[in-house]
Structures are given as C-alpha cells and as structure tokens.
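Look for subunit A in each of the two complexes below; its partner is subunit B in the first and subunit C in the second.
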Partner chain A sequence: MQEKQLTTGAVSPSGAAAVSPSAHADTTAKWFLISAIGYFFIVGIIAITIAAKFVWPELLGTVAPLSYGRLRPLHVNGMLFGWLLAADMGLTFYLVPRLCGVRIWSEKLGIATAALWNVIILGAVVSLLAGWNQGLEYAELPLALDIAVVAAWIMFGFNIFATIGTRRYAQMYVSLWYIMGTILWTAFVYLTGNFAVLAATGVNQANLNWMYVHNAVGLIFTPVGLALAYYFIPKSGNIPLFSHKLSMIGFWSLAFVYVWTGAHHMLHGPISQWLQTIAIVFSVMLLIPVWTVVYNFFATMKGQWQQLRENVPLKFLMSGVVFYLLTCFQGPMHSLRSVNAIVSKTDWIPGHAHMAVLGAFSFFAVAGCYYAIPRMFNRTLYSDALANWSYWLLMIGGLGFFVTLWLGGVWQGWQWNNPAIPFIDTVVALKPVWLVRFVSGILMFAGIVAFLYNVLATVTGAAGVEKPRAAAA
Partner chain B sequence: MNDYTYPSIFFSYFLFFLFLAGGLFFFFRSLRHGYFGPAAEDVKYRMLEDDEEAPRAR
Partner chain C sequence: MLSKTDASAAAFAVAAVVFFLIGGLLTTVVPPLVDKTWGKPFENSDPSKGPIGKLEPYTDLERKGRDIYVREGCWYCHTQQTRTLLADTKRSGWRGVDAPISTPDEFVYDSPHMFGTKRTGPDLSRVGGKYDAQWHKTHFRNPRDLVPGSIMPPFPWIAENPEEFDAMVAYLQKLGRAKDWRPDHDYEH
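So, the complex of A and B:
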C-alpha cells in the first residue's frame, strides 16, 4: 500500500528531473545553521547577564552599553532573529529542496541571503549596544536595518518560492504550506510592525505594535516551527504522519484565526471594548488549530513512544509539542479579562513567552539541527550522550525558568491588585524568584554550550566522528 | 506635525485584506487540487523517502 501511494504522489508539474538526496550541496543551510548556533551561544551569555542583573542590580556598574536597557533588546532580537529565525531559515533551505525533489533554485542567492542576514545581526549588536533603538517592542532595530531585513526576506522568499515552483511533485507536503505561509505572513507582519507603526501615534501605535509582537510569534515563528515539526517528527521516528488532511485543516484555521489576537495585550487598556472582545474570542479560537496540530503529532507517535528513550531529536520534538500545547492553552486563558487582570505585565508573561520561543520553537529547531547537520556534512553526530545532556539541561533549566516565572507572576499580580502594598515591596518580594530564574538560566546556557560543542565537533570531524559514506566509497 | 495614523491604519487594513484574499484564493485552490480528497494522504508517505539515511552516533 505504501509503495502505491509513493508512486501516485510522484507527479512532475515542471518536468524537472528528480535529484538524489546526496545531490544537495546545502551550502546555504550550513551557513545559516552554523551562524545561528553561534548566535545562540553569544546571546545566551547576554541572557544570563541580564538574569543576573535582576538579582544583583549593581552588576557591571553604570557602563551604558552594558546596562539592562541596552542588553535586554539585544537579547530579544538576538534570540529571535540571530538564533531562531536564522536556524528556521537554514532548516527551510534543508527541507524544501528535499520535499520538492529538486535542488535549491539558487545556492548563490541563498549564500548572499545568509551573508546579508549576518550583516544585519552584527549591525543589530552594534546599534542596540550603542542605544540606537526605535523604542518599540520587538521592533527595536533602526530603520536602515529594517530595510535590510526586508531585502533579505525578499531574497529568501524568492529562492524558496522559485524552488517550490520547480518541484517534482504536484502535491505539497504540509511543511511547504506552512513555509509559504510564513514567508507571506512575515512580509505583512514585519512591514506593519516596523514601518506602518512609525507613522501611527498614541493608542493606535500601541495597537499596531502589539499586533506585530503577537503575530511575530503567531505568524512567523509558529508556522515555520510547525513546518519543522511536521517534517522532523515523521523523519526522526521514521513514522508516517497520522493525518495529512488534519494538518491542512490546522494550517487553514491558523491562517484565519491568528491575525486577530494581538489586541489581547491591551485588555483593560484605552482601546475599544469591541476590539478587546474580538481579540479574546479569536484567542480562545486558537485552541482549534493548536489541537489539530497536537492531536496529529500524538496520534503519529501512537505505538512509537519507546523511541523517546534513544532518539534525541524526537525527544526535543515531542517535548516541544507538549510545550506548544501548554503555551497555546495559557495564551487563550490569560486572554480572558479576569485572568488578564492578574497576570498582565507581570513575570508570568516572560514565563509564557519563553515557553513558546524556547520550549516549543527552539526545541524544534535544535531537533532539526541534530537531525540535519550530520546528514549535510555526511558525518555521524559527535556524541549522542552529549546531545542527551543538552536536552536535559535545556529541559530542566527551561522548566525551572517557566514555572518560577508563572508562580512569581501570579504572586506579583495579586500584590499589584492590592493598593495597600507599596510598589517597591512587590519588587523586593520577587528576589527569590529571580534567583531561581538566574540559576535556571545557567542550566539552559550549559545546554546551549553542549549543543554548540556537539555540532562543532561534528562539523569539524573531531576524533570519533565517522564519515561512513566516504569510507564506503 | 502631521499625523499619519489613519493612512497607516488603512495601509495595514489593505495589507490584511490582500493576504485574506490570497488566503481564500489558495484555500479554494487547494480544495480543487484534492488536498481534502481521497488521495490527500499520499504525500505523507512520499516525504519519508526524500532523504538519505543518517549514520548512527556513538
């Protein structure tokens, strides 16, 4: 039966000749992934520095470039665009040609995109440390760098669409749908959040900004992260996806629902009640696409859960799915007015955001790296044991971070709702929470170091790394 | 100082409806192309064959 389906799926709309998997040069993917993992490490240092500043506010004195106000946007932008989006783009360059059965449309254009992306990230480091900052959440980069991001995205999108346009198979796997959605939605979300927002003022500007912030996660990192999960879960476990039809229902419901939810960041704020209500209703409706995705992955794993003992990429992927479920349950719940009145603006929010960006989408990207990098470099992974260490360090550190901030956030929210408590007392009360946050950060950083070392040892062919195909030849 | 709030909001609405129209167009196209039809599941088997085997780590 499987044989029949494989052959009926192989329709060539373009007449392009199929390429064997080993024919992919993957140069662009390698550039993106190696630099992304490097930024993961560097920005990880920034992350634990600012976590330490919560506990020891005098740390690093009054040196302006090392102040919290400069380091925090560098951490956010570095993790979002230097690590995660770059890793997602690298893995996209890996999986799109394979799913299409053709080579990437232009490797040269891909390398130019990767080079420009690195220029943007290095420019962001300089500008944000120097204090050149637009002062808008997630849109801190100066205008010149915003324009460079748009140029890089056009180059990336053109290359990917051109590759898909020459695909060998008419029917597209769901990951390709999510990737195309990501490219188009990012164009809309980024242009609105970084350009249109500059021309708005007051409440309207805030509303546009939060639409951007929420959709940066919901329409950029979510669809590309799910594209990776839909590709790497079946590939890592060698298990067919439970239902492709269900995955398509998830894709279209996400496309319809997500864009409306941004205003839930401004509940109880100076925006219309109808807009707040729309944001709440659509936030709750998010449970539909989320459940289609999570049910599909759980059903795919039915009878295969024992693979999690040995299979590190699958371990990262399925943990990411659980975090995705949790984060997308939290989101609709704290969009309700009554819950929002307690947790909004508290430490709950970074706990929630880190579970989405680190717990779900970074776990998918790390799994993709562990799966794809040995194949791209035609080597064995340096160490499964070290990969396992990286998993447990990121998992335990991550859980410590998320749970502590949720509890601390609720605690903080209750205190803020009591006008008898002076604000400074609510700050002092959170010191133990921030200490656990710092220690959890150290654990997560150790996980990043283990991941970086494992990848570099694999890529450079350190002792013990085998080259089986070369040996066979 | 000029206030460009309304033009910027209209610009955002324009982009939104542009993508809504594109989304609806491609959704109905995907229906016509059989993504919800009897052969919808073929692709999930094919994707398992598109890659080389990974060497096992130590």
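So, the complex of A and C:
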C-alpha cells in the first residue's frame, strides 16, 4: 500500500494509475450498462403509456395485462431496478477498480451477476404483467425473484469488497465509502422490505414497508448516486474535490439519520403519533448530510463553472446536484404536519419522486455513461451535439413534469381540504396538468432515445468514433 | 474515531452497519412492542367510547376479492386511511355523517396492507356499504357511465366474471365496517 499520509483537504479521485487504463477489460460494466440503457428505453415506452392513460382512460382499457394497475408497477420496478440500479452497478464496476489501482477481483463473477440481473428483470416483466403482485410498493416482485435479487446482490457485493480488499492505496476515496455503504445497507433494507415484511400485518407491516420504500431511495439510490457524483464531477471537470473532511461529515450523518424517517409516509394516518414525530424530526435533520454534500460539490466547481458550456457530462452532473438539493429540501418540508396535510397523497408526490429518481440520480448515471462508455470501448463519443440534445430534452421534459405536478398537487390538496368540493371535481380540475405531464413525458422519452442512439453508435463503432481517446481513463 | 474508517474497510463496514442499525432497530422492531394497538383487533361495546363493533377476519370470499384488488393494482390510486384531518372524515363520511378516523386496530388482518400513498381516486377506507352490487357492476364496466369525468380504467374482466365480481363486492362491502359508524345501519349489500 502507498500513501501512508491521510488527506483531509482537497483530493482527487485517483492517484498515479497503478494499472494502466487499457488493462481494465470492463466486460461486466459493459454488460450492465448496455442492458440498463436498453431498459431505460423500453420502460420509457411504458412510462408514456401510463401517462397517456391519465388523459385517455379508455386507452388499452380492455386488455388486462396492459391496464394501468399492471403497467404502473412495471414502470416503477423497471426504472428503479432495470435501468437505474443496473446502471449504478455497471458504473460501480467501472470506477471501483480504477479507484483501487487494481483489476476487478473477478470478471467472470461480474458477468454472471449481470446475466442473473437480466433474468430477474425479464422475470419481473412477465410476473407484473400477469398480475403476480405481492401488493407492497417497491416490493411487488414474487418471492422467487426476491431470492434471486439477494443472490445477485451477494455476488455483486462480494466482488466489490474483494476488489477493495486488494487495493493499492490505503486511504479510500469517498466514492468507495458510499459504494460500500450502499452494499451493506441495501442488504438490511432489502431483507426488511421483501422478507421480514411478510411476517407482519397491518400497521406493523406498513411501517416495515415504508422503512424499505424510503431507504430504497435514501440508502440505495442516494449513496450509490453520490458515489458516482463524487467520482465523475472531479473526473469530467478535471478538478480536485474541494474537501475530503466535508465528504466524511456528509457520509456519516447520512448513515445515521436516514433510516429513522420511514413513518413520514403515514403522517396523519393510523400510526402512533410519537413515531410520526420521530420521523419528522429526523426528516428535517436530513438537511445536514444533503447541504454538506451539495456545498462540497459547489465549492469544487468554484472558478470552473464556465466548463458547463461545453462539457455535457458535467452539465448532467451539476443539474443533478441542483435537483438533489431541491428534492431533499422538499422531503423535509413535506414531513412537517401542516405542509403534509396539503401535499400528501396528491400529484405533488410523483413530481417530487421523479425529481429524485430522474432529475438527480438518473442524471448522475447518464453522465457516468457519457463519460465512461467511450473510455471503456476506447473510442470517442459518437456525437457531442446529440448528447447536448439529450440533456436539453431530459431537462425541459423533466422540468415540465416536475413543475406542473407540483402546481397541480398543491391545487388538488387545497381542494381536498375543502369538503364542499365533490371529489370528482378535483379529478376533472387536474386534467390539464396530466396533459402537460404526458407531453413532458414525450420530451423526456426523446431525450432517452437520443442517449440510447448515441451510446449504441459509439459502441458499435459508427463513423468518426474509432480514433482512440488521448486522455487516459 | 471515524478517521480510522478512512483507511480500513473492515472498520468502515462495522461503523456503517452500527450507525444504520441504531435507527433501523429503534424504528422497526421497537414500535410494535411499545404500541400494542398495532396488533390487537378492534373491539368496542361501549357507545360512549365511539363507534361500537368488532374486527372480524376476512371470509374466504372477501379474501379472494382482496386478492383481486391487489392483483389489479387498485391500491396505486385508492388509499385506505381516513386520516386525522377534518376533510378526510367528511370525505369518507356519507349522507351528512362524518366517518370515524382509521385506527391501527382496524387493520390487524391486512396483509399486504392497502393504506396506499396516492389518491388519484377517492379514499376507500369507509366505502363498505355505500353502494350496492348493481352500482359496482355498472361502475366496473365503465366508471364514466356513473361518474362523468372519472379517469378510472374499465374492468370488464371483473364485471363479466360472476365469481370474481361477487368476491370483489364482498371485499369492498367489508371495508371500514369493523366500526359500525352509520347511525341508521343503512348499509347496502
């Protein structure tokens, strides 16, 4: 091991490369990323379909497997596990060996993990369309697939920890902590939400379910997403991270605070008031890890903001950071009882959730793909202009989606709180909002198509991408 | 203390799991031990303490209807909780009578729970007994025939299947009925 001296100040994601960049085969990363981007596209079609059903409720209405209640879980699970988590795992397989200065512990185990993951996603498509739904949000998949997910996660975690165990540098860069945290916490969070939950009923079961749902975002997608941001912001901007110490504060406060907040999904509902209060207090404390992390990223960019003009990965990354800041400001605010009484259960909530999963974490993953995929295939990106288009389509479509649902949700909440207004009138009032949401969805989907096309043209070696990249990965 | 975790993956792993488990255990394992109403079925025979009644387990037919409710994803758009908000008790109410708020002891036999997070359609926690079977049949065939402006999808494969339809109605009529909250007991069948 090198570098006995531990750093607390500015730090770069990797020291002198112990292994030459060309020594990384990246086969696992490639498999994960290509299939993830494929699911991003396919599930995007499902997303537009369910958005259209809000506008034309009869659409495909007599075909049971294509009804709203079957497609919605496929949209959610497909985006979370088929696209985002698979992309996160693929990028993890890319950056961990590079941060450790070694090759991945086992490329064969990694390929087997990617293959198993694809079997799980295809199994999910079949079972959800058939209506084999466990009835618990984010945990819809049947038990056999849950067991396969656990197996895949053990294979993934073992490979990553074994690679970190053979690293050449003593001090671990912050991305490695977040990845290790993700692997460990996901084990507990997933087992709680998919296995322990089956032994409980009623409110007790709901409490376990919300602990899982909340931490699927907070302790799975957040830490692995931040691992990507901590790696790709300094890398794609070629600037050192502002502060190592600040990143430690952000990490350990996240580790402690996040898990307490599950009950905020049942505010005003049939769950003990004292547990609601605990969830509220910890939800507000979430501002600490979020603002620490965001400050660190902004300070890293100091004097470098002009790079956003040309650098598409950095554009996605810093927009993702702003969305992360906003979504994590909304979260604590929703958990206040007075705000919750207006926005809870309304269309505001999908606006908020999409900003987290699409605006923040998917933007990080897309940036990672744009940065890493050309380097893995030793090519240049097919088209920077097309990448720029994908950014603006996802950005404008995303903003259209988020903002109209927030406005619509607040409006809906105020109407619900006036019992003189019949419920159906509050449905009819939202119809223009759902039309805008559908159109925004088409813009976002066009962004996904541009992203997919650009990646495929790059990896299949379309004209102009063959010359090897000068910069080392 | 935490600076050690910076260079040791093992120390890191232990600290990360311990930090997580403090909140993890205190918010999942402990609450049902402290609040016993989570696991005790509702029962009240004293009108001065609120609505009387008793929570009965689901019959086979009701459970079958519930399975259809889960299968079709009804719970993605319909919540089942009358919250501690005045507007909720009015909206879950019926013919001028406010509904009682939902309490944990009414859901002891629910698995999977159907509390829901999104209210695209109205809350169903007190829907039991409000509409008769004929209303539900027409509504499942095409919701817009009864509620103009509704965006609920049609469910012809439930309406046209007598076995599934009877089970579905049996389940819906059970919802919220543990508490006998209608002063005139004017429940539809």
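Simple rule for what comes next: the second predicted complex is superposed on the first by the 450 of 473 C-alpha atoms of A that agree within 3 Å, B and C clash if a C-alpha of one lies under 4 Å from a C-alpha of the other, contacts with A are read in each partner's own complex, and residues count from 1 in each chain.
Keep in mind that, in the parts below, a residue touches a chain if its C-beta (ideal position, glycine included) is under 8 Å from a C-beta of that chain, and two chains touch if they have at least 3 such contacts.
Predicted, not measured: the structure shown is a model, and the values here were computed from it.
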Based on the superposed arrangement around subunit A, label subunit B with subunit C as either clash or fit. clash
If touched residues of subunit A are counted for subunit B and for subunit C, the larger one: C
Contact-wise, after the overlay, does A:I179 reach subunit B, subunit C, both or neither (first, second, both, neither)? neither
Which of the two partners, first being subunit B and second being subunit C, lies in contact with A:D384: first, second, both, or neither? first
Examine A:Q171 and indicate which partner it touches, taking first as subunit B and second as subunit C; both and neither are also allowed. both
Return first, second, both or neither, reflecting whether A:A255 touches subunit B, subunit C, both chains, or no partner chain. both
Between subunit B and subunit C, whom does A:I373 touch in the aligned arrangement: first, second, both, or neither? neither
Touch check for A:E137: first (subunit B), second (subunit C), both, or neither? second
Using the superposition on chain A described above, determine whether A:V343 touches subunit B (first), subunit C (second), both, or neither. neither
Classify the contacts of A:N417 with the two partner chains as first (subunit B alone), second (subunit C alone), both, or neither. second
Of the two partner chains, subunit B (first) and subunit C (second), which one does A:P234 touch, if any: first, second, both, or neither? first
Name the residues of subunit A shared by its contacts with subunit B and its contacts with subunit C. 6, 170-172, 184-185, 188, 192, 196, 198, 200-202, 204-205, 208, 211, 248, 252, 255-256, 259
Spell out the part of subunit B that touches subunit A in their complex, as residue ranges. 3-5, 7-9, 11-12, 15-16, 18-19, 22-23, 27, 30, 33-36, 39-52, 54-58
Of all residues in subunit C, those that touch subunit A in their complex: 2-3, 5-7, 9, 12-13, 15-17, 19-24, 26-28, 31-32, 34-35, 38-39, 70-77, 79, 81, 83-88, 90-91, 101-104, 106-122, 143-144, 147-157
Can you list the subunit A residues touching subunit C in their complex? 6, 53-54, 57-58, 61-62, 64, 67-70, 72-73, 131-137, 161, 164-165, 170-172, 177, 180-181, 184-185, 188, 192, 196, 198, 200-209, 211, 219, 248, 252, 255-260, 262-263, 265-266, 268-272, 275, 278-279, 282, 341, 345-346, 349-350, 416-419, 423-425, 427-428, 431, 434
In the complex, go through subunit A and note every residue touching subunit B. 2, 5-6, 8-10, 21-22, 98-99, 101, 169-175, 184-185, 188, 191-192, 196-202, 204-205, 208, 211, 231, 234-235, 238, 240-241, 243-245, 248, 252, 255-256, 259, 371, 374-375, 379-385, 387, 464, 466, 468-469
